[in-house]
Amino acid sequence: MKAIVTVMLKTGVLDPQGKAIGQALHNLGFAGVGEVRAGKLIELELAETDPEAARAQAEEMARRLLANLVIESFRVEIAPLEIPG
Amino acid sequence: MKAIVTVMLKTGVLDPQGKAIGQALHNLGFAGVGEVRAGKLIELELAETDPEAARAQAEEMARRLLANLVIESFRVEIAPLEIPG
Amino acid sequence: MKAGIVVFPGINRERDMAIALEAAAGHKPRMVWHHETDLAGLDLVVIPGGFSYGDYLRCGAMAAQSPVMGAIRAHAARGGHILGVCNGFQILTEAGLLPGALLRNASLRFLSMDCWLRVERADTDFARHYQPGAVFRSPMAHGDGNYFADDATLDRLEGEGLVAFRYVTQEGAVTPEANRNGSARNIAGLYSPNLRVLGLMPHPEDLVDPLMGGTDGKPLFDGLAAALAA
Amino acid sequence: MARDVNESLARVFGLSAEEYARVLDIMGRTPSLTELGVFSVMWSEHCSYKSSRVWLKLLPTTAPWVILGPGENAGVVDIGDGLAAIFKMESHNHPSFIEPYQGAATGVGGILRDVFTMGARPVANLNALRFGDPALPRTRRTIDGVVRGIGGYGNCVGVPTVGGEINFHPSYNGNPLVNAMTVGIAPADRIFLSAAAGVGNPVVYVGSKTGRDGIHGATMASAEFGQDSEEKRPTVQVGDPFVEKLLIEACLELMATDAIVAIQDMGAAGLTSSSVEMAGKGDVGIVLDLDAVPQRETGMSAYEMMLSESQERMLIVLRPDRQEVARAIFAKWELDFAVIGHLTDTGRIVVTHRGVVEADIPLAPLAEQAPLYHRPTVDTPQPAPLGEVADPVGLEAALLRLLGCPDLCSRAWVWDQYDSTVGGQTVRRPGAADAAIVRIEGSRRALALTTDCTPRYCQADPEAGGAQAVAEAWRNITATGATPLAITDNMNFGNPEKPEIMGQFAAAIRGMAAACVALDFPVVSGNVSLYNETEGRPILPTPAIGGLGVLADAAASVGLALPRDCCLIVIGATVGHLGQSLWLREVAGREDGPPPPVDLAAERRNGDFVRREILAGRVRACHDASDGGLLLAVVEMALAGDVGAGLLPAPGGVASHAFWFGEDQGRYVLAVQDALAMLQAAAAAGVPALLLGVSGGKDLTLPTGDTISLARLRAVHEQALPSLMGG
């Protein structure tokens, strides 16, 4: 399976990147941009073929390595491996 | 609307971060992890209420600032703004 | 030589650069605020190192979009000289004034140390005070100095002789060990096709005084001053 | 947030029953939640120094060159040419355990603000770090995060990180120490202070917006870690070095005008401590309107805003007629600027929010009746003498083991991640000399900077250890040729409510004070971090010292790189003291005995002699002999210069291993061309000196005749830390 782990700063935690991007978009003349938040996305190819087992595995990876739970939260999505081409 | 811009390195561009994550997962004892790719995710709150217009705007932002098309590709998803709570 | 140093918010090596330029030219360079749009009268525009806009998102990405860039493009178009060092190099690639991109160092760590650079050609206004093939020492300090371009671009750069400097051993050999950040083909610096725009990652401006451990970087500034002497 | 304020809530806030009773007494009523918050942070150990103050008074703080001692945001010394050096060290221990990257990064940011708030451009950062057992994965994660955080912040703000120190010991497993030091330069006659003045003057907030970051950080920094430390996590603050850089430039630009009456950074306890301290020091009152505070989050309460520790913020009292000048400067740097209050003549702090008075506290009793404890002390028992310790392995094996041990191996892996050259004034970078040398831009003058402490000595004998830490800082500055001027300190200890810990603290202060007096090396600033314990187990007592010296001419300094064709001479007496030495721990597997005694008169005599010889141009390289003893000092010099050395046998009367690995104090290894002249000069000055060997070649030849190539030594020395950290 393919697991996509999205890691974002918890709400309330200062996001200097998001702030700076918002400011830059504003300077570029884009109007109507509210809050901007920056996060990470990690795509994993997993040998595991059962979606639920794959999700459990990816969540465990997120908890142990991919996300810093002190300041970040994460979300896992599971998708079938695409055939490259 | 809310726009979620996902920015990934193009295939063929070396992704040392993805590689390092893969190695670290392996060291932590996770088996069956194939390729790992690391990317960025930018969430934007847009005043624009029309989904297609919002998408066009976010794509323009991605082309001009959020992604460097020499090395990166991007994808835009549009979702309704959640009511906070 | 009338030099201007562009100051974006977050730039932090503008003072180092001013000292090196003043020593070479005999007078202080002009400091150019990022909102300025008129660079008339400048021979050389320098984009120094630092963390413009915090290097958030991508190094140099936000600076490359700022108002002064229009003037810098115009300066390039009229054949003016441009030197981009470190963040300046990143900004030049983000702005499309030099090809390729600077990725995260292969080690994923900030690298602050001296490196050795080989002068790939000495017939330019930047390198004229070095011997061709000379090896000189330079401090470097960056997290994203891993030069990337696709093979076709790299072949073209090599073919057109646009590689300015390469990371080498002290003896001048192009090896993986000498290439700490993982740059494609050990590229440390690049010229534009007209040889008037130079981007490089290391900091020759921090090695222009024997007290700081050497003067290996000084010929670059002296050469420029000689070439651009009014 | 509608919580009843009572004694049990006060306890949750870290106030004791007596302290809460005193609050009731001062207020004459039950305080509001916001008021309770103000009292709890102002009376926390971190802000009030309630356990340490009585002892800190013993430290000497004056000298003709001291412009300002402790009491302001940082200490100020005169460095000549009309310039002042402003410097301080501060801990961020607890936050760095919870979130190593952000904890260390915001530690750097905080100490930078303490320095530039006084009008100085920061020119150098240093960091003194203590970690647990490096074999533990948790320790390695902490090291990695802390080093990245220090680099991430310092590199981005463009202040070179030029030095520091790192020790390892299992006592730091659950409580690493991250002590950050900043040094800045300002015109001596333009120092900015924090005492507010001028009733009616506007109080202005600048920098970043306020969020719910680190609420109750100051009390957390004063709390012992227990099982529940994981739950204290949401108080983590995130730093924004980009904004800090803008803030530095904007503040310095404003300081070039005459707009500022008083200025103070918002550090621990944010808006509370900055406003209370500014008004309190100036004997005025202050009114704050929280609706005007720039806010990052919605719906923040008065309590949250007053206690938020959001980073990169400053509070300024302005001349009213200069408000628009100031506003324009902060607009140019794209920073928030808001008038949030004004000074009054009431002697009270009054905080309003949404039309409600949320706090109204008399300032004088808040400061004057702050708790002050004379906590009981118990002296650390004198360690038993060590006696003879036989050499189990021989010189060569011991050398290789020591050279690669965590406490002695090369720190290049660390400093390679720190930008040490930005600014273009770094004359001697990390690893190049005993103290970093940073020239003052546009001048020949330079500063010499170091941090030092040997916690295992302090554990065995806190008084000797306190003296040793000061002496080593003085020695490291001296070894470059610079004149030591003053120190900042960072007292990291366990729970002060335990008499043994308070005894360590008191003894360390006594030792430091004696050394400061003997060496003319006063304390001008400092910081205390207590409750460094995990589940009741304290850290080694760690009074970290940050030293500053000055060189009239940067070109006169020497480094430690050994040149070829020199003689190696040790200055200072070698009796072969092995108690508490690294040889004893790493080779003999013991951690006992007394630490080496510190003879302050000899220290002074030896150092003054060495400095004089360096400035006379008769010394090619110099390195103090400290951790690991003489042989380590010689090998570090050889590796730095890439030049070998041949060593003579130890003189009679001292066992070879004790001679080469003993850690006697007050010693320097010099590389000189004329050995005879140096030995004679030393004799004339009444200073012990001994020829150790000669330099040259690419090998180290031990007195036993064994030869080890520099390449082999280098591999052991330089690969240890990277391989520990996994590349």
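Every chain is named by a letter (A, B, C and D) in the order it is written, and numbering of its residues begins at 1.
By our rule, contacts are C-beta pairs under 8 Å (C-beta built on N, C-alpha and C of every residue); 3 or more make two chains touch, one makes a residue touch a chain.
Predicted model, so just to flag it, every value in this text is computed and none were measured.
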Pair with more cross-chain C-beta pairs in contact, given A-D and C-D: C-D
Whole-Å separation of chain centres (CA-atom averages), subunit C against subunit D: 36
Whole-Å gap separating subunit B and subunit D, where each centre is the average of the chain's CA atoms: 41
Whole-Å gap between the CA centroids of subunit A and subunit B: 8
Shared-contact residues (touching 2 or more other chains) in subunit D: 240, 242-243, 334
Subunit A residues counted as touching two or more neighbouring chains: 16, 20-21, 24, 28, 38
Where subunit C touches two or more other chains, by residue: 53-54, 56-57, 61-62, 65, 107
Graph class of chain-chain contacts, one of line, ring, star, complete, other: other
Touching residues (chain side subunit D, partner subunit C) in the complex: 148, 151-152, 155-158, 240-243, 245-246, 333-334, 415-427, 429, 439, 441, 554-555, 727
Subunit C contact footprint on subunit B (complex, rising order): 12-14, 16-17, 20, 40, 64-66, 68, 70-71
Residue numbers on subunit A that touch subunit B, as the complex places them: 6, 8, 18, 21, 24-25, 28, 30-48, 57, 60-61, 64-66
Touching residues on subunit A, where the partner in the complex is subunit C: 16-17, 20-21, 24, 27-28, 38
Complex contacts: residues of subunit C adjacent to subunit D: 9-10, 12-13, 15-16, 19-20, 49-51, 53-56, 107, 109-113, 139, 141, 143, 203, 205-206, 208-209, 211-213
